[in-house]
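Labels for the chains are A, B and C, by order of writing; each one numbers its residues from 1.
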């Protein structure tokens, strides 16, 4: 940063940068704008960008017609539930691997990763049959379990990389100071790891919220979260663009905001620490 | 009370034996320094005493009772780590109070002890700060404070000064020595720096490859090194260790001459050599001399010597300050 | 590096995670393998019987399989090409100082957080629709005939939709790697007389190679199982023009109820993914030691 950038150079990059940024963002922006139009205006040609009658009607319509909130609640329960359960299982495991590694630790971690790399379609048939036989099809319980297991390797891995950054000497100091294992975790590890745990939580909520393979294949009317519910708009008779836009906007808005806050952790989590 | 005895203590990590078997007696109130090159097992030995690692075989006795299987917290020892290992999310006050809180002491007693430790260590103004807001020296003092308040039977220091810059290191060295004088508690101090060992220790334990090479007071080790390794490790600048014909003349394999035990002359002497580099420190002059038939030697001349690169000089070792070592490196007396 | 006591506790704390993943991996995998050797159709319950490699023969000799394999590779390759080249370009651009850099960065990464079903629907209806879509309107503006993207160029269209979602991922990772590039190293190169092009070729690109490899490997893993975008936009059509292996297996299993042949397909998909996974695991494993 030792150099002064000339004004002109900066101006050129500003123009290019904003043009590309807005272009890439446009589909999202267009969805948001359309969600405030009437159905007629939504398919009007030429399309209007700002000067139309703004209305909130679609947002109410989506709710009354298709029980939007039921599906939104499903999304919330499934993403929070799978992430929460995942953390519960993963925190002790990551603690053990980070602070008491054996010569097998590395292999265990690699193996966990390898389960993440199985294509879901490879196990679609057995999972579907197991779900059918145990009455788990179209239930939130079943989906929570599957998404938890699917993201468990990422949760363990992320926590492991965060815990690894906490110097082992600090935990040893606590042990010397008379802390038991429980107190060591409560007073030392947990407070120090809060930022790491929080970003793991965030990223996994995002991943679970947006998951669409299992949600499409294992749910129907009852347990469908937003990612599967939205797909019902793909049928020709569901061609109401303004309502589709309203439903989409509501489905992506919370995640978009969370994603913006967790962009740094995203890189780390999704590359399993290979790029920092 | 802080007498610690190691009986045939050994430690292996899998197939790798780090400490083959160590016997050592540490008396109450002693300042003992474990010194040796990196990888010699000195930190491992300290961690065994602390209880942070299990011994593979042998026994550790603290104040006469067998502490071999005891968890770290029960041993009555306090440790200052190389990285200080302060709790970054707690204030200085809470850091120092932590061991007392773990011991279940009441708030008033904790407050009184933390404050008195803080005043001893000049930390009173910083009690509300986080470790991240402190300088290296202050962090070091917090770590010491956290150790003091427990009133342990012995303090363990694991290379505590290695993260400080040179001038601060000298100050902290003095502070720790003073602390030892005033507390009169056993201290075990690990370092790779022989200067720290020489200046602070009552008793130095020189380690190499997990074995104790020699135990003794700083001057004993300086005067009577048991072998060439100890001779080369203790003393600064390092002892010149000469092999070949000059050593054979003295009927030994290795001949040891300390740089400060060599007389320098421009007229004549035992060895003739050419000055390579002359380091003028004012109080001393260090000469790096290439000596015919011997090799490169370091010489310490007191005061200001007006010698320069390329000059021919003559060196004569002080006769009764010559060390002789046999082919196994052991001293010949 | 610790006492026996802590090590035993550690093993205990690891076991739930390890056991759960073990079951999650072994049971379905075993079942897939087992089904793949059975003649098993959900519409004919009780008629299951062993057929050896029959399902594999059926699945692998189906012309749809080769088309799906080709489509899978085209889809993965196309998205990789767009995201790696575009991502490098975007990362270098965003790394330059300009006004509103932070906001542009947020705009660029936003598509990654849009769930696949939403992005597929938005593109299908509001952008690519041949009558009312925005692209059609733009085409009219230039006096051209609008294209029915998903009917005429289904695979290309899906590639674009998917690439739009993954471009931010590549950009973000390459940007992270760029920002860890040592400023002094660049300055040293400049002192040594290297120009912008030389610095990019000899300093920047080698520094990025690791990040680029990671992007390629991880995207490949995810892109091999693209499903929702196809499900929502074309349902694999027209014909099988945009069917990839994931969708083909889905169709066998849940549209034709042919469990045996879908399971055989699943085994094939797993083998394909493993070829990529081996490289990725090795790379990450090396990183663990560092």
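Just so it is clear, a contact is a pair of C-beta atoms (placed from the backbone, for glycine too) under 8 Å apart; a residue touches a chain by one contact, two chains touch by 3 or more.
Since the model is a prediction, treat every value here as computed from it, not as a measurement.
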Overall pattern in which the protein chains touch one another (line/ring/star/complete/other): complete
Which of B-C and A-C has more C-beta pairs touching across its chains: A-C
Centroid distance [mean C-alpha coordinates] between subunit B and subunit A, Å: 53
Whole-Å gap between the CA centroids of subunit B and subunit C: 57
Mean-CA-position distance for subunit C and subunit A (Å): 16
Overlap residues in subunit A, where contacts from two or more other chains coincide: none
Set of subunit B residues in contact with two or more other chains: 52, 71
Per-residue overlap in subunit C, given as positions that touch at least 2 other chains: 1-2
Complex contacts: residues of subunit B adjacent to subunit A: 14, 50, 52, 71-73, 77-79, 81-83, 85-89, 98-99, 102-103, 146, 150
For the subunit C and subunit A complex, residues of the former touching the latter: 1-2, 6-7, 9-11, 13-14, 16-18, 20-21, 24-25, 27-29, 31-32, 35, 90, 93-94, 96-101, 103-127, 132, 134, 136-137, 140, 164, 167-169, 172-173, 176-177, 180, 183, 187, 210-211, 214, 218, 221, 224-225, 227-228, 231-233, 245-246, 249-250, 253-254, 259, 262-263, 265-267, 269-270, 272-274, 276-277, 280-281, 283-285, 287-288
Subunit C residues within the subunit B interface of the complex: 1-5
Contacting residues of subunit A [partner subunit C, same complex]: 1-2, 5, 10-11, 13-14, 16-18, 20-22, 24-25, 27-28, 30-31, 34, 43, 45-47, 89-90, 92-93, 95-97, 99-102, 106, 108-110, 112-115, 117-130, 149, 152-153, 156, 168, 181, 206, 209-210, 212-213, 216-217, 226-228, 230-231, 233-234, 239, 241, 244-245, 248, 251-252, 255-256, 258-260, 263-264, 266-267, 270-276
Sites on subunit A touched by subunit B in the complex: 103, 167, 169-170, 172-180, 183, 187-188, 191-192
